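Structure incoming, see below.
In order of appearance the chains are A, B, C and D, and numbering begins at 1 in each one.
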Amino acid sequence: MPHFCSLQAAVADAVHDGNIVAMEGFTHLIPFAAGHEVIRQGRRDLTLVRMTPDLIYDQLIGAGCAAKLVFSWGGNPGVGSLHRLRDAVEHAWPGPLALEEYSHAALATAYDAGAARLPFAAFRGCPGDLARVNGNYRSVTCPFTGEHLTAVPAMRPDVTIIHAQRADRDGNVMVDGIIGVQKEAVLAASRSIVTVEEVVDAFDGGPANACILPHWTVAAIAVVPGGAFPSYAYGYYQRNNAFYLAWDDIARDRETFRAWIDEHVIRSGPEAFAAHAARLA
Amino acid sequence: MLRGSLDMAYTPDELMTVAAARCVGNDDVCFVGIGLPSAACNLARLTHAPGITLIYESGTIGARPSVLPLSIGDGELCATALTTVSVPEFFRYWLQSGRITVGFLGAAQIDRFANINTTVIGSYASPAVRLPGAGGAPEMAAACQRIFIVMPHSKRAFVEQLDFLTSFGHGEGGNHRARLGISTSGPAKVITDLCVMEPHPVTRELTVTSLHPGTTQEQVEESTGWRIGFAEDVAETPAPSARELEVLRRVRLETEHAHKGKEFA
Amino acid sequence: MPHFCSLQAAVADAVHDGNIVAMEGFTHLIPFAAGHEVIRQGRRDLTLVRMTPDLIYDQLIGAGCAAKLVFSWGGNPGVGSLHRLRDAVEHAWPGPLALEEYSHAALATAYDAGAARLPFAAFRGCPGDLARVNGNYRSVTCPFTGEHLTAVPAMRPDVTIIHAQRADRDGNVMVDGIIGVQKEAVLAASRSIVTVEEVVDAFDGGPANACILPHWTVAAIAVVPGGAFPSYAYGYYQRNNAFYLAWDDIARDRETFRAWIDEHVIRSGPEAFAAHAARLA
Amino acid sequence: MLRGSLDMAYTPDELMTVAAARCVGNDDVCFVGIGLPSAACNLARLTHAPGITLIYESGTIGARPSVLPLSIGDGELCATALTTVSVPEFFRYWLQSGRITVGFLGAAQIDRFANINTTVIGSYASPAVRLPGAGGAPEMAAACQRIFIVMPHSKRAFVEQLDFLTSFGHGEGGNHRARLGISTSGPAKVITDLCVMEPHPVTRELTVTSLHPGTTQEQVEESTGWRIGFAEDVAETPAPSARELEVLRRVRLETEHAHKGKEFA
């Protein structure tokens, strides 16, 4: 049975300096409120894992929480660069950032192997320089056809954090819409935190094959309405594209960024996200 | 800059988009990226290819967005899709299984064999510019039956030597793909704001097969970082039709309106 | 776009003597009507693939359609033996039947690899005699940990046949409830036939993450209401447990079996299944 | 045959079922097979373990059937489940990942180290009796944290030498599982209609630790195909409680009623 608790308590309990932390949500349900909490609690030397770092890791990297980034596409979707990520890689600001870089197909199948607790994933790789710069691209030979496939190690985070639409009172969690790698990331992790828009009595009338994480797969649940802002929660509120555009200016400059983090993260709290919560009809 | 006669004026970007849209047909299953590819594929869907299947790497299969998405995971894609699958399933069952007939790619750099770089400018260890990286592109370039590359023409982008080979096109040319056991045909066209290039049937080196209205061979040569070849019969790219322009502009207008959203307080 | 056609035409077109044929549906949505059609058309030397052969393959085996069975559990669920399967294995009646036998985990992951068009699947196998009698149990070594995993070849049927609740007018197919390996079996096959309870205008109001096969993955669709009888169609009609019990007597004796096949298969047709069709409220 | 005092009479099958039900607790996640395991797990759910999670290999997670299923894929399981996943996902993400705490197995043959056979009697190539085969059992025996085996006691079933090793228990005894890199603890109890056996802490050979009321050591010895050992303090298996019997009988009655269904015309 997961622990229903405050986001502060959940992060304090589960996320430690030096951890491998995955905050997933493929453009949808990105756990921004939890990311802010990690910044507020001053975590350091994290290995941050995420297919698409998006603004959430731009914020964590710029705030100095990360020693390493494991990822497969690091841009501001539809807008351009992640300036804090670039500044860390290009100028080691606020510190050096090691990169472990995959393609989407490789990282997605690595999560899949992690969820199955297999040690590696095999897939049909392709020639290119990624395998040259990432020593985790190796090879296995099919024992039936002799074909060489690419192998990557299973992704096994210490902690996975996701945002979901709802939990029921038993602590089961439902994710609806674009489900990304959230289920795999939770099942692959040693422990997990889920922030949710709301708690409901039951998932009545839900589809037979909905994406649901049983309560015994989740360590802690924190109710944080609006917690995916400025990304979105399908059925609740839409993506705030204006913020994604505005972030380009905020993050381009170190001082503007610091001021933004100070005002909107350090001197704020999870409750601030409630202003963005909504439930679409 | 607008080109064409007064009543049919269009921008180079519009011509690129329309030319890309014309590459796909009603029975195609397209892997769609954000930006110009998304505009092109949805233009095709709203004009000559109503039955086309659009798939975004967020796992939305058969999406029919009424406005163009800003990200590959916009709610509009899921709401209009036939179904939405997990990202691991998308890559394993749908892309890498070879079911997708067409993929569109863009790039920061491309070479004469249509290999592309979306990773870094400069060295990998200490890059001058850190680009977003691979995303779905490498396996898309390998697994889609045909690849179309759409990008503006410039000497900085069309280079003699890539800084990083993110996605494999025709490798070192000739039958390099086949030699590596890749069964798909790879980049079929490169569409720029100046021309359309296709790989030479034997050498697989990109060759200009069509110049956009008003473009000269010299302009293309000056914008290409290697000595670009031209086909024997270089055609003129057909201008966008009134219907294509009308639909494209309407969709873009509606998109702009929808994406303004509420301002960030 | 799949071909909407009669079951007779679909089977005549897609199922040929000597084919590797998978008829899937994990206790649910078992394509009995299609199985009967294959018997009626007198197909021979088939390699029949199915995790749980169930009554459908007892019928096909007893009717002499099969040269080989690929499976992982061959009983009459909750009742006992499949007498025709046993008679074929124990007494080569009506002819010898080669077996290629897996565990559920092995065959399920082989279908998964087939859907991904990978040449093999790796999983954490376990010691035992299955690997001794099935040469398709091999080994791969993890290139990161050195762990030895079990490998089986991907399952790639020539034809997969499934029964689903509904298709829409474009030929997209929705499966709801216990989804088993139906999606994987269709995606792994060279061609596929789907029988459905009904055709609807659209899957309106369906869940975002429903199990749907797009029209371009299906070769032929035949509308056969009741076509999963005596198994069931979730939301339509229930499993006829009485028939599963009755089958024990019917199949135990060769002559009773032959008479049953003659009356209910050879001198019948897909339309007979309509008597079992229903739509639960 | 009924045992016990008149007002608490019960059958050997009922005692087995109740003894099995008592092996699982409120926090267990159980892989449930059809028949006695399903009855036992649901009895536990309806008595002392209301929070128990029952998973059937049809992919139904958290099923709460009101009547016992005849097959592992009955509609009742899906209708009452928290969610239903595909069979490949079930085996990959849920079973083989080691998340399931308890698995119940039955068998046609079992040996002194709780290895079991559900495949053939006689030789594999030309069997005297072809049994259903492996199903989910081999990986269940390897991946569930603990295994309980429930089967009637007879010399034909409790054999010196298996005809086929379908699912690995304690192998050749001792630390054989650990030597093979299997991290789970394997068969913890074998529950029959005569007694309860547990593996010896060191040798892992099955040892009788509890005799059912009215059963003698001689009966067990006569029904076992090898020289069975007994623990120093053999307990008496507690009889079913009135509440357990009442719930078990009610569920079975309702199940019988529900499964009659319509007759086949």
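Note that a residue touches a chain if its C-beta (ideal position, glycine included) is under 8 Å from a C-beta of that chain, and two chains touch if they have at least 3 such contacts.
Just so you know, these numbers come straight off a predicted model, no measurement behind them.
Peer 1: Farthest from chain D in C-alpha centre terms, which chain would that be?
Peer 2: Result for max centroid distance from chain D is chain B.
Peer 1: Using mean CA coordinates as chain centres, what's the gap between chain C and chain D in Å?
Peer 2: The separation of the two C-alpha centroids amounts to 28 Å.
Peer 1: Just curious, how far off is chain D from chain A if you go by their C-alpha centres, in Å?
Peer 2: That pair's centroid distance is 41 Å.
Peer 1: Using the average of all C-alpha atoms in each chain as its centre, how far is it in Å between chain B and chain D?
Peer 2: One centre to the other, that is 58 Å.
Peer 1: Which residue numbers or ranges of chain B touch two or more of the other chains?
Peer 2: 78-79, 84-85, 92, 96
Peer 1: Would you mind listing the residues of chain A that make contact with two or more other chains?
Peer 2: Residue numbers touching two or more other chains: 112, 116-118, 123-124, 147, 177-179, 183-184, 208-211, 234.
Peer 1: Touch graph of the chains shown: is it line, ring, star, complete or other?
Peer 2: The chain contacts form none of line, ring, star or complete graph.
Peer 1: What's the complete list of touching chain pairs for this entry?
Peer 2: So the chains that touch one another pair up as A-B, A-C, A-D, B-C, C-D.
Peer 1: List the residues on chain A that touch chain D in their complex, please.
Peer 2: 1, 112, 115-118, 172, 183-184, 187, 203, 208-212, 214, 216-217
Peer 1: Chain C touches which residues of chain D in the complex?
Peer 2: Result: residues 34-35, 57-60, 69-75, 77-79, 84-88, 90-92, 95-96, 119, 124, 126-139, 141-143, 164-168, 171, 180-182, 259-265 of chain D touch chain C.
Peer 1: What does chain A use to touch chain C in their complex?
Peer 2: It is residues 116-120, 122-124, 136, 138-145, 147, 149, 151, 153, 176-179, 206-211, 234 of chain A that touch chain C.
Peer 1: Sort out for me which residues of chain B touch chain C in the complex.
Peer 2: Those in contact with chain C are residues 27, 29, 51, 53, 61-62, 78-79, 81-85, 92-93, 96-99.
Peer 1: Which bits of chain C are touching chain D when the two form their complex?
Peer 2: Per the stated touch rule, the residues are 26-28, 51-52, 71-75, 77-79, 81-82, 85-86, 89-90, 101-105, 108-109, 111-112, 123-130, 133, 147, 177-181, 183-184, 211, 230, 232, 234, 238-244, 246, 275.
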